[in-house]
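What follows is a set of structures for review.
Look at the two complexes coming up: subunit A is in both, with subunit B in one and subunit C in the other.
This part shows the complex of A and B:
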């Protein structure tokens, strides 16, 4: 899952010098993930992993890093 | 008229009314006046009249005091984007040559112009300060933007020009002392002219929205509700986020009456969603480059919205006289808002006021006599609401000793308008990994290329010029 998230984020949303050295705990917001990026990321996650992510949980705490994203998605998988 | 006249009038008639709130702090008109007069008195002691004063401050009450203080001292304010990387800020400061740089706390380690730094967070009150009359033709603000020559340039605006817009907006959107206006735009964005001046000239209050709310849409809608915001001028991307993810179905915003948006094209499907969820709110599309501020506007007519039709930019605003160049379709703007010239190398380079401003925007008139936008005649991009000149990104990339040549174009992006993409030719082997860290330190995030291709050479036309049209096809997936 994390690899799919990483591929999508680095290909479509933000550009980092060396994706391989970008750790799963690194701050995605600082790296340039903005509100529009978040919207596209959520659409991608919902279609790719078959989950529904509640609007009220869209928050830097849940989207700030790949590890946070994975925890968030897993908590909504049946 | 000068930019402070409206505030002065309101402050005299109701000094205890709320002017600003920021997190837990709120201040009245009179308290705000005391704050900015301390800044003005400080600047007068340093003989700063008619000079350029840069502000390196977070958006908020202190920064607003700095803006008003600079103006009151007959100087011009230059708001720096604190999110820009230090190298770009130093470049802008080097170009602008401000007399002083106002900030909060100790001078940042990266700043080259260290002698210019002044901490304004602990200034003594100046109860005996008497403001001097202001010249309406003096430069009030210098807003730096991306430059097509490869270097950032400052758009210089007079008091008269900014006042013309501020007053038009105050009257057109019927602002009054009952209004509570949300403010999110950083001060280097011209949207902030509304937040800073139209608002206080109407006796309204301004509420600085915490930046992290832009990443948490339901907290954003909750904040609009609890702050009882009546009016907000912002960018379409955030309103889309609010409409799609803000849980507006369960968060009623009964006080909200007006939403203004500008800076990028609002995708119609998302605007329809917003219009449906906020049926009582008047929506306005505002349009114009920084050089003219708003020259065109469209009060959104809900019944005319269609998901597959872009909305018009509308009819002339601010007493603008608009024309279309019959050859090229370019929008020509003759407006009292128009800028005085570009600020470069520490001086104002006036433009002729005889001619209309050539916007570089391609437009046409529709059957209702409204202007419609069809894109740029030049290479300028709009990325997440920011104006970006590819030439500036190319200049930074070409500075690298590793790079032989490069070209930057915009790729259409479903959410950000456009995103920069670069094709790079290296002198020796593929050296992308060595080049990229330096881009990070020189370009703000919205100017970072989101896609990069490494090629042996750039596609060129028979006349030797770079073939930008065929560059785009290189990025298409096979």
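This part shows the complex of A and C:
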């Protein structure tokens, strides 16, 4: 799951010179993930992983890093 | 500074045609065409010699910036011009008393400069210096690049390391709009085309609110810039976060402007505010492509009945935005953009601007959120960048455009308006209401 998220983010949303050195805990918002990027990321997650992510939970705690995103998605898969 | 370009032959991409059609619309209104400006306010005069050297290097690396825009049949191309092109100009004022007037009039002259499309310089750098004020204004002809491209050009100039500057050197990067179109099958393009057509018909169900109609008197673009403090900017971010969430910062600004306009002139004719706004196809923080336009279009629309209730308005705009993305309407416009690029410019303008309902203007105002300008370095050839400002020519109607960005933690609002349809007093009144809206007062 994390690799799919990383592929989508680095191929479609933000540019980092060396994606491999970007850790799963690094801050995605600081790396350039903007409001439109967040929306596109949520659309991708919902279609790719078959979850519905509630609007009220869209915050930096859930979107701030790849690890946070994974935890958020998994919590809605059950 | 003069430079002879190597051979250039560069076709426009579909998003460039969109900006070219706007250029034609402006010229038909006796305005100068689709000229935009990106200004840097500096604390002192930069090192002019270093700046000239860097601009010369930039021209050599991206020769299209010295080209001439020429028509062949219905298609347009950037082509090598026969004469060398001057790109760098200096304007100086030595009197403290007339400095403010000098800056206002010089910037106004630069952004209102009339020239035939073929001879107009695609890009120019103007350095304005006075006893207390200094500014660099990058003026570009919109088909050449978009605002993010202009920001990247400034970032290129500011980048000290030659190795880092080489990362920008990808002049052959394909158009991102074309790349997007290439992903779709012929049938999918056709479906998108009809999807976009039906979407616009739905938007046109409401007659757009217009605060001014065009007039025959000579018109001129004027711009006023306001900045919120860092504390105010943080307050705006908190309100935006509460009302439109992490995903809707631009929508918060658009909704605030709708409400500010409505409060200032509640009886303006029309049924709903409609604001077209662009989204950028580049990845965030990407250094390329510099040239060309790589944009898609979105629309925010709110009927009058929703404007009195902030919570309701923002919930509506956010839901509209979510539905647009869910239905892929953002992508639906790429095939339309491609098809429209084959239309004569005058027909293209009509498709862009005229409502299907009654032929009236579709846009209530123009809006662009240029975002966080952290890619522009603070140091510009030895001078500190203390602020930024943006300008863009606007068609009439609507005659009004708001360009927003954040620099050094301060939200900057650039009101671009066509005089005499609007004037400074009216814009100041609008900004007062806009500030209250942004700050939730």
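Operating definition for what follows: the second predicted complex is superposed on the first by the 78 of 78 C-alpha atoms of A that agree within 3 Å, B and C clash if a C-alpha of one lies under 4 Å from a C-alpha of the other, contacts with A are read in each partner's own complex, and residues count from 1 in each chain.
Here is the rule we use: a contact is a pair of C-beta atoms (placed from the backbone, for glycine too) under 8 Å apart; a residue touches a chain by one contact, two chains touch by 3 or more.
Values in this document were obtained by computation on a predicted structure and should not be read as measured data.
After superposition on subunit A, the partners subunit B and subunit C are seen to clash. In the superposed pair of complexes, A:42 makes contact with subunit B and with subunit C alike.
In the overlay built on the shared chain, the residue A:74 is in contact with neither subunit B nor subunit C. Looking at the shared chain after the overlay, A:18 reaches subunit B, while subunit C stays out of its contact range. After superposition on chain A, the stretch of subunit B that runs into subunit C among 1-9, 37-45, 127-135 or 379-387 is 379-387. In the superposition on chain A, subunit A positions 12-16, 31-32, 34-40, 42, 55, 58-60, 63 are in contact with subunit B in one complex as well as with subunit C in the other. Of all residues in subunit A, only 11-18, 29, 31-32, 34-40, 42, 55-56, 58-60, 63 touch subunit B in the complex they form.
Looking at the complex, you find that subunit A touches subunit C at residues 12-16, 31-40, 42-43, 55, 58-60, 63.
Listing the residues of subunit B that touch subunit A in their complex gives 212, 214-219, 237-238, 240-241, 244-247, 384, 414-416, 433, 436-437, 439-440, 445-446, 448-452. Residues of subunit C that touch subunit A in their complex: 245-250, 279, 282-287, 321-322, 325-326, 371-372.
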